[in-house]
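Quick heads-up: structures coming right below.
In the two complexes below, chain A is the common chain; its partner is chain B in one and chain C in the other.
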Partner chain A sequence: MSGLSVPETAQHPSLGQDPRAEPQTGSTDWGMMGRQLWGVLRIELRYSLFSRRFLAVAFLALAPVGLLILWALTPVAKEIAGGGSTQAMSMAAWIYAGYLSTSVFLSALILFMSLFRGDILQRSLHYYFLSPVRRQILVLGKFLAAWIAGAVTFATSTALIYLLCFLPLGLSGLSRHLFQGPGLGHLMIYAGISVLAIGGYGCIFLLAGLFLRNPVVAGVLIFGWESINFFLPALLKKLSVIFYLQSFYPVPPPQELFAIVAEPISPWLTVPGLLLFMVALLALASWRAQRMEINYGED
Partner chain B sequence: MTMTTSNQPTTELSTPDRIAAHQSIVFDNVSKFYGEVLGVNRVTLTLPPGITGLVGPNGSGKTTLMNLMTGLLRPTDGTIRVLGESPSAGQHLFRHLGYCTQFDAFPAGMTGYQFIYSFLRVHGLAHTEADSLTWQALERVNLKDAAKRRVEGYSKGMRQRARLAQAISHQPKVLVLDEPLNGLDPMARAEVIALFQQLAAEGCHIIISSHILHEVDMISDQVVLLSSGYVVADGDVSGMRTEIHEHPIQVLMRCDKPSLVASRLFEHDFVVEASLHDDRRGLMIRTREADRFYGLLNSIIVDNDIDVETVTVADGDVNAVYKYLIGNEGEGR
Partner chain C sequence: MAVYERRYKRYEGEITPQRGRFWVIPRYAIKDVFSSKLFVTFFALSFIPSLLVGAGIYLLNNADFLAIFPELQVDQILAIDGSLFNNLMSFQIWPAFIIALIVGPGLVSKDLANNSLPLYLSRPFSRAEYVLGKTTILAFLLSCTTWVTGLALFALQSNLAGLDWMMENLRIASGVFIGSWLWILTVSLLALALSAWVKWRPVAAFMMLMVVLTGSFFGFIINALFKIQWGSMISIFAGIKAVFRGLLGLPFDGGLSAPLGCLTLLGFGALSLLLLHLKLRAYEVVS
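Showing the complex of A and B:
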């Protein structure tokens, strides 16, 4: 090994002007914060899209697509085709309701719960904590990366599922439904619900990963709560994400047996409400991250 | 020597003292408890620029003190200022502080280059500057050739150098190094020590922890001796130096030609003992003069093209020296 060399350009900041000097106190350097956010995003996007946990998410997103392709080849599919696009729309709503409460929910759990908990278990969280990045930006960067990965994956798979529901109508029937009927609008709404669902559930699981040593227990409890939502009284229904998401459905899914029906909330209130809910949870997550210490021994 | 310690909290500072505090690292009556377990207790300490060695046996509170000054831990009691900044304000502190931790974990899948470059992007640097500083840091720790390899595949010494490169990559004014020489072979050790000395000469504060007394003695301008969470000695290192030189140190080495190394070492009177391990790769050496020993070992390794696996100091003898140095102060706390 040759001796350690010191490049001539490597000059300590104390010897000259530091180009990375902080902004004057009292001012907020939004440009710097934007670059830091991008710095976090580029690392986290890589983990969200090219990691083992994403394989599980991709499976959950694509398994229903595979099952629908197989279904399209069965005689039952031909019966649906006989019922026309109205029957196919009901079926799409029914399938989407199941897809939302299982695939989308579980994927949000996988993607978001490990954002901080995974770094703690791998003992690598100090990588971020040793940099001059505000913890709020760290929380936002991690959340956005997982949301982007989830949104792209589930918007795509939602679109595929919707299209496959109409495949038994034939290509001409599908084309008519999409471009001369309400199909394209419905497809966009379902994809939008998936994107909102990933973000809404994601905030909850991000927070659980920050507060709990074993957030999977919280995940199971929330899954149970969301699953029995149809059975809950009207007031309690409103304490769930699924209730607000259902108000967007272009075609109401068939109600479960013994379901208690609550008056749906206008989408004009639901979207800002859900976004406000996400902001509030992210603020709480930032507060928690700000108070975190690195003491891996405890975990 | 300007380093001060006491068990009493500091009082109001005069203007010159305040200016000095902005150029120093100040602990004021700092305690840290992990539940009921003591980390450090009532530490009042001012560390001036230069190289400060934190020494003490394992569990004495060195890492806790370092984690406190870098904000990774919060004190249970007391206050800390690093060049006038509170460690809790990481967005300010880490612009001029680098910390080489002992945590041997890296974000998964990153190459050596990505490890440093991504860190600098999180700092908020643009691509060109981050790229340039990354290569400079890798060059400084001699890791340029392995830059495109994944860190998971690095040897322990290379991982240590990667962490060091990360700590110095943004050219900080304060460098906190937790056992930075662990896992390095003798030549890399000498090179890294030279790098620390050069950074200190450039005006950098360097706080270095080690349980290997002679290493700290060799490079430090001032020393803080810790035992069981308390600062038990600081400042004058002459007594410590004499003691270190009088106690033979025991070095364990693993390499491909231990017999050859032993025979070469025995030609010198400062090597007291050298014995081979049964597996024919291990060698235990006792020496009275660590500096001369390491210089000699380096030349033997280079001259004979020896493949070195590890070189470590055995803790037993070090603890004996600590016991002598700490004496009654370390007991009965």
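Showing the complex of A and C:
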């Protein structure tokens, strides 16, 4: 995994400003904080997109796309061709449900758990901590970089999956569904769910990476909790990310055998709710980062 | 004796027997594993399902308890047969997997990251013994949550229901034992192989999780799109479930067949051994 080089982090023009230059009036210099955030964001975005860990994310995002292309090209019987767009919509719904709970979940885990753990393992976190940058800005910058990288990747791959599900209908059928039917709206909603999912899960894994030495175990437990969500009573369902994301589904995926159905929450409440949840977890992560001391010997 | 008089002297103490040398590794590692309170807690929690089933078996064989509820249809509530043991083992493979996920990724990676493999292999200790020693750690931990508890429940039911029940259901005991060992070996070798190739413990753990979860999801997609069943052969969970169904005498459910399930697990095990063979060297050429 390629790491941050010492001079890059320590001597970045935005990060390397002398703290003594900060005005002593007690007022917050928003301009400088913005420049510092931009500096961290740029470094981390490059790190998120051009490191080996991104290969795993790309595989998770694009492998289902590859399978669907293979399916579209091979001469297997496709019920969708006869069933029309309704059947294709239902197929897109169940593929997307699995995609969300596996590919998006795992990608969020690898992108966000390594934001701090990766730097600790590479023994490069102290370069950031020695820079005159507030830890809150560091947390926010790292989070935004991973979220942007994940959001761009998964919004694109989700759109590709959706389009490939309709390919057996032919290009005319696809364009009819997109521009004369509900297709374009559904596509945007699915892409939006992926973006929200990456952010929602990402906050949890960022926090896990700050508290735990092996955040993957936390990931397994959260995966288990999210997987049994359909089985949980209505009150407990609300303690999961997937429940809120499911309320956006334009076409509900097939229900599990023993599923307990709960009243879905209005999207008008879900989006601000998820964003507030992310802000709360980021605040907790910042608090943790502020009190963090590095001991590379422990790993 | 003056320092300059100290020279090489052959070790004259007691030598560990050749056959039992691999035990040195688990002897220290297991002590280390149980020093983590979090792990001990999880390990203890993993026995809860078996304890619940044990309580159920005891109550359903208890005449005093059944006398309180005379209208109770025992067979309809909990039939103690292959199906019950299949459900139990299908559940217990998850805690076993999580234990392997916690312990496994650090087993080989620490030795490789700290260049300590030559210290093992410069002694009269082969690579096979090293792998056997490391596998024994996981085999011990995973055995406790799988076949040991499974056979303990079988013994409890045999004790309460009598010898006739035991003789009629010997297939359950053998199924639990063989299936559990297939799972233990597959998961242990997979964990060791990933630990050898990925030197960072969290990343190795992530890779292990990714292999398992993406295998299940992609297998499901392949089956659904191409109208086949053997797409699940990329999932070790689908493989072990098929093996348990076959070994415990349950009817074929239309998914992966027991031989294909067995082939899946053997394939993963063989691939993991190959990866270990390629990576575990007493020396490493740094280019």
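For this structure, a couple of remarks:
Methods note: the second predicted complex is superposed on the first by the 273 of 299 C-alpha atoms of A that agree within 3 Å, B and C clash if a C-alpha of one lies under 4 Å from a C-alpha of the other, contacts with A are read in each partner's own complex, and residues count from 1 in each chain.
Assume a residue touches a chain if its C-beta (ideal position, glycine included) is under 8 Å from a C-beta of that chain, and two chains touch if they have at least 3 such contacts.
In this text, all values refer to a predicted model and were calculated from it rather than measured experimentally.
By the touch criterion stated above, A:28 is placed in contact with neither chain B nor chain C.
In the superposed model, A:43 makes contact with chain B only, not with chain C.
In the overlay built on the shared chain, the residue A:172 is in contact with neither chain B nor chain C.
The wider contact with chain A, measured as residues touched, comes from B rather than the other of chain B and chain C.
With both structures placed on the common chain, the touch criterion links A:266 to neither chain B nor chain C.
In the superposed pair of complexes, A:180 makes contact with neither chain B nor chain C. In the three-chain superposition model, chain A touches both chain B and chain C at residues 1. Partner chain A is touched in their complex by these residues of chain C: 94, 98, 101-102, 105, 200-203, 205-207, 209-210, 213-214, 216-218, 220-222, 224-227. The residues of chain B lying in touch with chain A in their complex are 34, 67, 70-74, 90-96, 98-99, 101, 103, 105-109, 118-119, 121-126, 129, 132, 136, 139-142, 166, 170-173, 187-188, 191-192, 194-195, 198-199, 202-204. Considering their complex, residues 1, 53, 56, 60, 63-64, 67-68, 71, 74, 76-77, 94-95, 98-99, 101-103, 106, 109-110, 113-114, 117, 121, 213-217, 219-220, 223-224, 299 of chain A touch chain C. For chain A in complex with chain B, the residues that touch the partner chain are 1-7, 9-15, 18-22, 32-33, 35-36, 38-40, 42-43, 46-47, 50-51, 122-124, 126-135, 293-296.
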